[in-house]
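Just so it is clear, A, B and C label the chains in written order, and each chain counts residues from 1 on its own.
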Amino acid sequence: MERVTDPVDIRARREPAAPIPEVVAKRRAERQRPKAVFDLRDVQVSYGVKPAVRGVSFDMGRNEITALIGPSGCGKSTLIRCLNRMNDLIPAARVEGKVLYHDQDLYAPAVDAVEVRKRIGMVFQKPNPFPKSIYDNIAFGPRVLGMKGGMDEIVERALTHAALWDEVKDRLKANAFGLSGGQQQRLCIARCLAVEPDVILMDEPCSALDPISTGKIEDLMIELKREYSIVIVTHNMQQAARVSDRTAFFTVAPQGDPDGASGNDPTHRSGVLVEVDETEKIFTNPSDARTEAYVTGKVG
Amino acid sequence: MEASTTTAAGTRAVPELGTARRRWGEDVIKALLVLAALISVLTTTGIVIALLRETIDFFGSVGVWDFLSGGKWTPLFEPGSFGVRPLVVGTFLITAIALVVAAPLGLGAAIYLSEYARPRVRKTIKPVLELLAGVPTIVFGYFALTYFTPNILQDLLHLEVNIFNALSAGIIMGFMIIPTVASVAEDAMSAVPHSLREGAYGLGASKLQVSLRVVLPAALSGIVAAIVLGVSRAVGETMIVLLASGQVASNSVDPREPHFSLASFIGSTAGGDTPTGSIEYKTIFAVGMLLFVITLVMNLISIRFVRRYRQVYE
Amino acid sequence: MSAHGQVVGSAKRSRRAKDLGFRLLLLACIGLSILLLGMLLLDVVGDGAGHLNADFISSFTSISADKAGVQAALWGTIWLMAVCALFIVPVGVATAIYLEEYADSERWYNRLIEVNIQNLAAVPSVVYGILGLAFLVRGPLALGSTILAGGLTLGLLVLPVVIIAGREAIRAVPPSIREGSLALGATQWQTIRRQVLPAAVPGIATGVILALSRAIGETAPLIVVGAATVIAFNPSGLDSDFTALPIQIYDWISRASNDVNNYKPLAAAAILLLMIILVLMNSVAIWLRNRYEQKW
């Protein structure tokens, strides 16, 4: 730990200068926000010994779209995969800190990851339909989870919700691989909706799609947030600005950075949370210089 | 844990994660799968135990040194001689002949497939090699005995061979293992990166030079693996030798005469009616033990070489 | 200048001749193999085609060669293959699933299993016969020289083929499919049973057929296990004595040493029958692979 002797330094190390009334207003606004779906407290994810992302603390609200943005390698995907315990699939992955879902510890020993994933669904970057018919793709989740109710209705409802019903209603038995990229991704969203989750996580859902399909899915997201809480990782700043309510900006910083937890290797760079706020504020008047550099395109 | 809070219309009840019930079904399934996987371990254990038990018993009546170095194999005589050397001589004589056939032909085929053949030609040649590999060994034995020895060796080449001879068995065995040698060698050659070849072509080398001076040396460990694997297969092969090479335990290295091999001896002695516990019964296991050890060692050597060439290029 | 050109020209010509010579030499290697295969097939067909007819298939073996047939051997082979398949499919597929989906390959015991399978694939078939003799025919299980013992011995012999093919087929299923299934809240086994295995079935089936193709032609293990050579009845159950096509072939070839004219055609006809069955099996395998192979 460094010895700070210069008084000027001490002041500079506090939260970057925000006029006091704004801070007060911010805190008041947060108190009025709806209850959080996720509450992350000092979360750190490591693969083996090296942390991929560290010191993450913030919350995500119900019926909101929270966007995680930042440059490559800052751990956004790693973080979102913590929220439905998909990182459990990687033997070397370790999650520290607290991930609270509706005030329940997701990583408590008594919690079954399978139960978690029933409530927190995920759509992946590359559409991954099953090698089955469109109908069976949607029906797979409900069947496997033992959901009651007519399968036909469940499938139709899910496909309608995902704005895909009209396009496929005449060929439900066709193989899902015959759909276009954008349709496949909406199929994956419908598949996710069929099990009636509480939260939908989206890991760069449009990065493999063309602009028109992207637009359709963005419209869909805004529709869906009325019933679900959505967390989206995106490389596309404009997308975050268009669809999200709150945005969290991450970046890569060396281990010895004061914003992060102290690590062992001072040269190792891992992801840190820089700033999280209302989307409009992040993009028009960010508090941190790094955020500003990123959203104005000065830094990639 | 928490009661649902209804705020705006459309919000759901807060889901409860609850305490996890242990999924017994998943555990049972995993246990069954492990059990199945253990069968392969049990098989090896079984082989080792079966061989070891009777072999140790065998060495109760026959000295180990007599067995390994003795030159007379007459187990059925009263008193019998149990020197296994003739069987080993026969095994390696036939294997050597097989290698003389399989090494050049197998490598030649591998070089052609890897360096020369166009995709369409490859598509026709590979199935032929697979066909060769799929012929049951008893068919090879039949061919060696009833056609190759009388028509090729005796009539065509005018060789003075016994109707049962090691030469016929060895040559036909060689053809049998060509697919094994060719496929492993070709695999190794294909693993050699194109950049090495391109460097040589760029200097003006011909295909011959590139194949022999660049690819072959680069794929050397894989080629060694291929040959060792071929030898291992030849050593363990029973029916071709049993049918074509007769049933004589001989120390001579004259391929025109009949010879037992380790495997063919087992094949000829075992049968439903050998009484358990008899010395005859025990010879099956002692010879089997020797055969098992030899092929195991060769297989381990071959795996080592395969790993080496895979490591270098992958 | 022209002298230099001449030298270069002739060097080029001799190099091209060497290249061509080498290429022809390599082709000769393959050609010799094809030649031998051709000779073998022609010989078998020539000797045996005349004798392969409905009578041959429906008769039992007999002292008088002209009345002998392969019915007992054919049925014995069919029964053996059935027992073999019923063993290798569940055990082989289960092992493949365990190694690909559950086993942490860093652990020593899992690596032991993998090394084991590799070694078992190289053990001579006659040693498997000894294993069968010691543990199945005699020893603890004392099944006797029965169909069950024979089928299980063959099953142990070709089990590595199924395991290796099964692993490849399972590995070919992309991880994204598993992730998609798990992300919906399916358990690991539900994912395997409903997504991975169905997609891997064509590859597994091909592997099983390949394994059976190997097992069907194996003679040495059956000899050691005590298959009978002169049997005039079809298998009556798992505990019945049996013979099989390869064994019958072996018996007739042995007799042909003394009585070529009567027994050589019999052996050849039986070999022909065996080869036809093999060709059929492999055709089914190829058809399966082409029709059902999943292109991701």
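Convention: contacts are C-beta pairs under 8 Å (C-beta built on N, C-alpha and C of every residue); 3 or more make two chains touch, one makes a residue touch a chain.
Keep in mind that what you see is a predicted model, and the values were worked out from it rather than measured.
Fewest steps needed to get from chain B to chain C, stepping only to touching chains, is 1.
Most remote chain with respect to chain C, judged by CA-atom centres, is A. In terms of C-beta pairs in contact, A-C outnumbers the other of A-C and A-B. Centre-to-centre spacing of chain B and chain C amounts to 14 Å, using the average Cα coordinate of each chain. Averaged Cα coordinates give chain A a centre that lies 54 Å from the centre of chain B.
Residues of chain A found to touch two or more other chains are 114-115, 119. Annotation for chain B: residues 23 touch two or more other chains.
Residue numbers of chain C whose C-beta contacts span two or more other chains: 187. Chain contact summary for the complex, chain B toward chain A: residues 1-2, 5, 7-8, 10-12, 14-21, 23. For chain C in complex with chain A, the residues that touch the partner chain are 104, 174, 176-177, 179-187, 190, 194-195, 199, 294, 296. Partner chain C is touched in their complex by these residues of chain A: 84, 86, 89, 91, 114-115, 117-119, 121-122, 124, 126, 128-131, 140-141, 144-145, 188, 191-192, 195.
Only residues 15, 18-19, 22-23, 25-30, 32-34, 36-37, 39-40, 43-44, 47, 90-91, 94-95, 97-99, 102-103, 112-113, 116-120, 122-131, 133-135, 138-139, 145, 156, 159-160, 163, 187-189, 213, 216-220, 223-224, 226-228, 246, 249-250, 253, 256-257, 260, 264, 267-268, 271, 274-275, 278, 282 of chain C touch chain B when the two sit together in their complex. Those residues of chain B lying in contact with chain C across their complex are 23, 25-26, 29-30, 32-41, 43-44, 46-47, 50-51, 53-54, 104-109, 111-112, 116, 125, 128-129, 131-132, 134-143, 145-147, 163, 175, 178, 206-208, 211, 229, 232-233, 235-239, 242-243, 263, 266-267, 270-273, 276, 284-285, 288, 291-292, 295-296, 298-300, 302-303.
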